[in-house]
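Take a look at these structures.
Below, subunit A partners subunit B and then partners subunit C, in two separate complexes.
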Partner chain A sequence: MTSESTLFSNRWLPILLVAPFMLLIVLFFYVPIFQAFYWSFFLEQPFGGGSMFVGFDNFARVLSDREFWQAGWRTIIFMVTASSLAVLIPLILAVAADRKIRLSLPARNVLVWPKGVAGASIGVVFAFIFNPFVGILAPLNSISPGIWAPGLDGLDAFITLIAAHVWGGIPFNFVILLAGLQSIPRTMHQAAAMDGAGPWRRIFDVQLPLIMPQLFLTLVLEFTESVTSAFALIDTITKGGPGGATTLLVYKIYVDGFSGYDLSGASTQTAILMVFVILLTAAQFLFLGRRINYER
Partner chain B sequence: MNAIDTAIRAAAASITVKGLTKAYDPQTVVIPPMDVELKAGEFTVVLGPSGCGKSTLLQMIAGLERVSGGKILIGAREVQDLEPKHRGCAMVFQNYALYPHMSVFENMAYSLKVAGMAKAERAERVAAVAKMLGLADYLHRKPGQLSGGQRQRVAIGRAIVREPGVLLFDEPLSNLDAQLRHDMRIELADLHRRIGATTVFVTHDQVEAMTLADRILILNKGRIEQFDTPKAIYHHPASVFVAKFIGAPPMNILPVTGDGSALRLADGQVVANAPLTGAYQLGIRPEDIVVDGKADGHAVKAALRFREDLGSHSVLAVDLGGSIVRIATPFGADIADRLELLLNFPTSRLHLFDAATGRAIPGAFGAQ
Partner chain C sequence: MKISILAAAAALMAGACSAQAANIEFWYGNTGPVETAIKAQCDAFNAAQTQHKVNCVGQGSYEVSMQKAIAAYRAKNHPVLIQFFDAGTLDLMLSNAVVPVQEILPDVKWDSYIAGARAYYETSGGKLFAQPYNASTLLFYTNKTELEKAGITQTPTTWEEVIDAARKLKAGGHACPFVTDGDTWRVLEQFSARHGLPIASKHNGYDGLDAEYVFNTTFVAKHLQNLVDWRKEGLVKLNADTKAGNYTAAFNAGECAMMEGSSGSYAASTKAFDGKYQLTVNMAPMYKGYERHNTLVGGASIYVMKGHDQAQVEGAKAFLDFLRKPEQQMAFTAATGYVPVTNDVLEAINKSGDAKAAKYATAAIGIESMNQPPTADSRGIRLGFYVQFREIFVEETQKAYGGQQTMQVSLDKAKKRGDELLRRFEQTYKGVKLP
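So, the complex of A and B:
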């Protein structure tokens, strides 16, 4: 207590410093979320003008909707594949880079930039890159017409989405994982080499266990992010099509709420998605986080 | 003596280095061509100041550093192009380099596991080594839960569990505090006596070298200054570098000039009779100088600058013809508050070195 009070003699200063950030988070995150939870128990009129308390009727309606479950499954598939790839690919790159490269500070900065590119911009770029007529896979179609058709084939559209998402995640995860790898002392590699472990064996026995904290961080961030940030990509690349094949929950909420004016249904789905993400993160911390060794 | 001791003693191999060089580029030569032979079962300490190439030499023997030229033989086998795992060496690192995510048992068993040894045999081997090093109660702990000395023992255990032909130590005691360093030194000496592994131990600490080594290899800028027993190195240093590096305080080195019959200090005082002419460097150990004695040789006058009482003995620093000379005297000797001392340099205790090369000139004062 004494050390804390000597460190922060003014008890209002810390609160003052945190206040702007807290204000933003409350105003643009907690208020809307609680609003959505609140609305999910009401039947809301599309153009305003009164609402009616209906208890769990909204939940019953949403949970019995086949399209909701389909979108839910697609969300999970997207989450698992996209975030695994968004961690795995940078991991491979980082292990390779760690063998020789010492990254300079400017290089690290340049690498993080794509993290700052808006999802919509990435979407526009990838819509062009994977365009079946002029994109990089267009030559496939000249060999066998129709083999690459993200506008018609749901799987192709899904692959496009995943590729765009993974591309956006690579730089940040790469930098985090590489930093983890580079903080492993050189003598640790030497000790393993003396113990007879070759380069491949060292990756699995020494390097991966020692960067578990970094792997865990990137995985948790990826899992939560892939659920929500896919929206911008879907909106710019596929609009949820073809035939709903890329309608993830986050996009379905937007369409239901702002195109279909089913405000209550959208609120209910938001509440469900929110609870899902919270449970998922909690589970990760509970089952993975606890087994991680932070000691060096 | 148990099975592990016998196995290591049997595996102990000699190390022969022939024309070994290390250069990062033609301008930065770390080790010029070196030839040396370390006998099987011998404890060799490689001693030198930082940057003298001693760690590089060790890493080249281990296979962690490429050789630029020459050969390394372990036993009769040429190993300079082999992977570390095929050389039969084990190493203890300065920061121990234990795997933090593995228990003490897993740390020690790792090399056996990589080598594909059966689980039961692994457990047996680790248990034997753990017992020998007093680690049996800590096998389930992680390195982070151990003290510095215990980690050190785990690192040693990890090295000897493989029954290596050669045991390499890279300044393993420098991270420990003074008391623990002393204890570990005794433990290491005891361990070596029991298992008899060929040991190469790199350090910059002369006390470790003197107490542990069968033979000391002194390196200076990658060159071997002297390779001999601790006793020979202390009493017959081969060069000024060695003389100054060994001993605390180190040997006094004074510039002298021979006039054909006697050696004179810079201020003209005669310290010894010798039929020599020209410039030399004269060495004498602090404990060999006689204060106020009338032994053989000539008495010289020196001004007392300061004294340090260390309990077991006192160290006097005196000004002798412009050079500071250190003298070790019995504690409490009656020299208090005197400004001028009469010193005797017993001829049998003098060392003479070439002024230009710094190499010793043996037999300059008759038989030594």
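So, the complex of A and C:
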């Protein structure tokens, strides 16, 4: 038969090997998701004891709620800006570190470090860095008071979030992109150089086309991850404020469910958000993924 | 035959157990000096008797404590005692997860609680649902040293005087005359209560689940617009305007000269001011021409959760009895600034000879503030999903402070979103009567 089935002579062994992991996934992923979908059709009392089937009422309520759409738009804006930057900046760094220049070796090392920092810790640090009184932008305020005020100005708060997200995204994307660049045979560079292509030309015509698979991977991961991973940053830096300006969908779900005890509404929004992310990833594979040439 | 012996043995065991010691759990949400004081009470209880042992678990905040309680209750793994804050009163009353304290402790003299505290937590039949624990109310804090520097010798008592003082402070070069965080409890609830204004119809929900918010049409709208204007003038500062980033921290550090704050932060302020500034606390300011009514009891109270065996309930009762003791309440007040809300404790303080001491400063003023003549709208707040409404109110008013929309638009939007919450609450608890 197929080659896979010949690897394991015992039919149960592979299942047994996978079982512990599958059990965890089912327990901590599929069960909660099923629960969320289930609750989205009920009006659920916080402490249990009474739940009422309401059909699609919760969906109608959420979809007609202006706050939901606003949070949705903010999520999309954050996703597009933050994830493009979180790929673009590591790309520039990776291209630079790939070249045989001074300090490129230590740079390759140092740039991976932020990977070890938890989102919440990044948030705490960035809240301090961008503090309007003591942070790096404080001098701006001494020139023109109030120009940098993330606690009052929604745009400033949003910029802080994006900066923190991009910084946190650098290491992983950097490693993937650098690995892609390093796997390009030197002979390609040499051939292009012999044909008279300068460094810039070689980046656009040789390196970038050849690392498309890596770029695609980082983009897909970034887009899906930025939807949910912003939570830790929002919770530590802005708490969704000022005036809800940084309330992305994932944070709204948390607030609705856990401080508002709106389990049904939060579940409904979770269901909608999940469908959105699945569709988004499918679209990326459908429209972008097909054009990528994995052969070298 | 054998089975009946086993059953008898089991019954005996159960009987023996109920008389034996119970380990009970108590969840609270406070941190800092208050948490230290709570832990001290738990230790004192465990040291004072050997029958029961209370295990006090800090959850970091009221919200987190409640989230965990909901999850734990659904998993049947919940504590027997839980502290919860004022805003969740109705959510808990209708949760079917708690037993009214007055029901399981019928012999306690609950009348000794001052009327303001009772009104907030009692059923329509006059039974207390929860035992007030760390009760607080809104007070007006001033940095006397800074005020005197600016030539203000009388502590302001009206908003007009507060703003006059703020102008003087500003003229004297003070960067932050008055600070607030614009929190719902401070600027909406306590303001409305003491000015005799309703927040919602049906007397803030006391008369039925079909109440609607009305605060956007009352005088509070004018006050909030004033705050916006005063902030533009540089007289009022918000959290984000201060170096400290938080209004109490800014006041305690001497950055701001006046603030409206909970009596519960009194201990932290006195500690921070020690030797540097002189602290004054008074009742919160009124607008001229308005008669003063009571402020609401804030802070938190303790609920007894359902689903525990008799031994645990006995332990819980013993712990609640212990916390109600005058000497315990006095020690807690002295350590934190929270207000004792029973008359016998007030008497005990007066008799102790320490009545004028700084550690009891908030007790007298806080009680005086909560004992002002009540109205039907200053009993409390009995509105569903109110915790979430507080966040909506802050979110919408922040937009007004940030200049994105006028305060009236903010309040109208907050009312609309709040009403949606109330309707959903009504639907969630369809057919349930207010207790």
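Definition applied: the second predicted complex is superposed on the first by the 277 of 296 C-alpha atoms of A that agree within 3 Å, B and C clash if a C-alpha of one lies under 4 Å from a C-alpha of the other, contacts with A are read in each partner's own complex, and residues count from 1 in each chain.
Note that in this section a residue touches a chain if its C-beta (ideal position, glycine included) is under 8 Å from a C-beta of that chain, and two chains touch if they have at least 3 such contacts.
What you see is a predicted model, and the numbers here were worked out from it, not measured in a lab.
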When subunit B and subunit C are modelled together on subunit A, clash or fit: fit
Go through the superposed model and pick first if A:260 touches only subunit B, second if only subunit C, both, or neither. second
Winner on subunit A touched-residue count between subunit B and subunit C: chain C
Using the superposed model, determine the angle subunit B, subunit A, subunit C defined by their C-alpha centres, to the nearest 10 degrees. 160
After superposition on the shared chain, which partner residues are touched by A:210: those of subunit B (first), subunit C (second), both, or neither? first
Touching A:154, do we find subunit B (first), subunit C (second), both, or neither? second
Looking at the overlay, what does A:201 touch: subunit B (first), subunit C (second), both, or neither? first
Between subunit B and subunit C, whom does A:191 touch in the aligned arrangement: first, second, both, or neither? first
Nearest approach of subunit B to subunit C by C-alpha atoms in the superposition, in Å, rounded to an integer. 51
Tell me, which parts of subunit A touch subunit C in their complex? 43-50, 52, 61, 65, 67, 131-134, 149-154, 240-244, 247, 255-256, 258-262, 265
Over in the complex, which subunit A residues touch subunit B? Could you list them? 185, 187-188, 190-198, 201, 205-206, 209-210, 212, 293, 295-296
If we count contacts the way the header does, which residues on subunit B are in touch with subunit A in the complex? 62-64, 83-85, 89-91, 93-95, 97-101, 110-111, 114-115, 142-144, 158, 162
Using the touch definition up top, name the residues of subunit C that touch subunit A in the complex. 63, 67, 70, 73-74, 91, 95-97, 238-241, 243, 245, 385, 387-388, 391, 394-396, 398-399, 401-402, 404, 417, 420-421, 424, 427-430
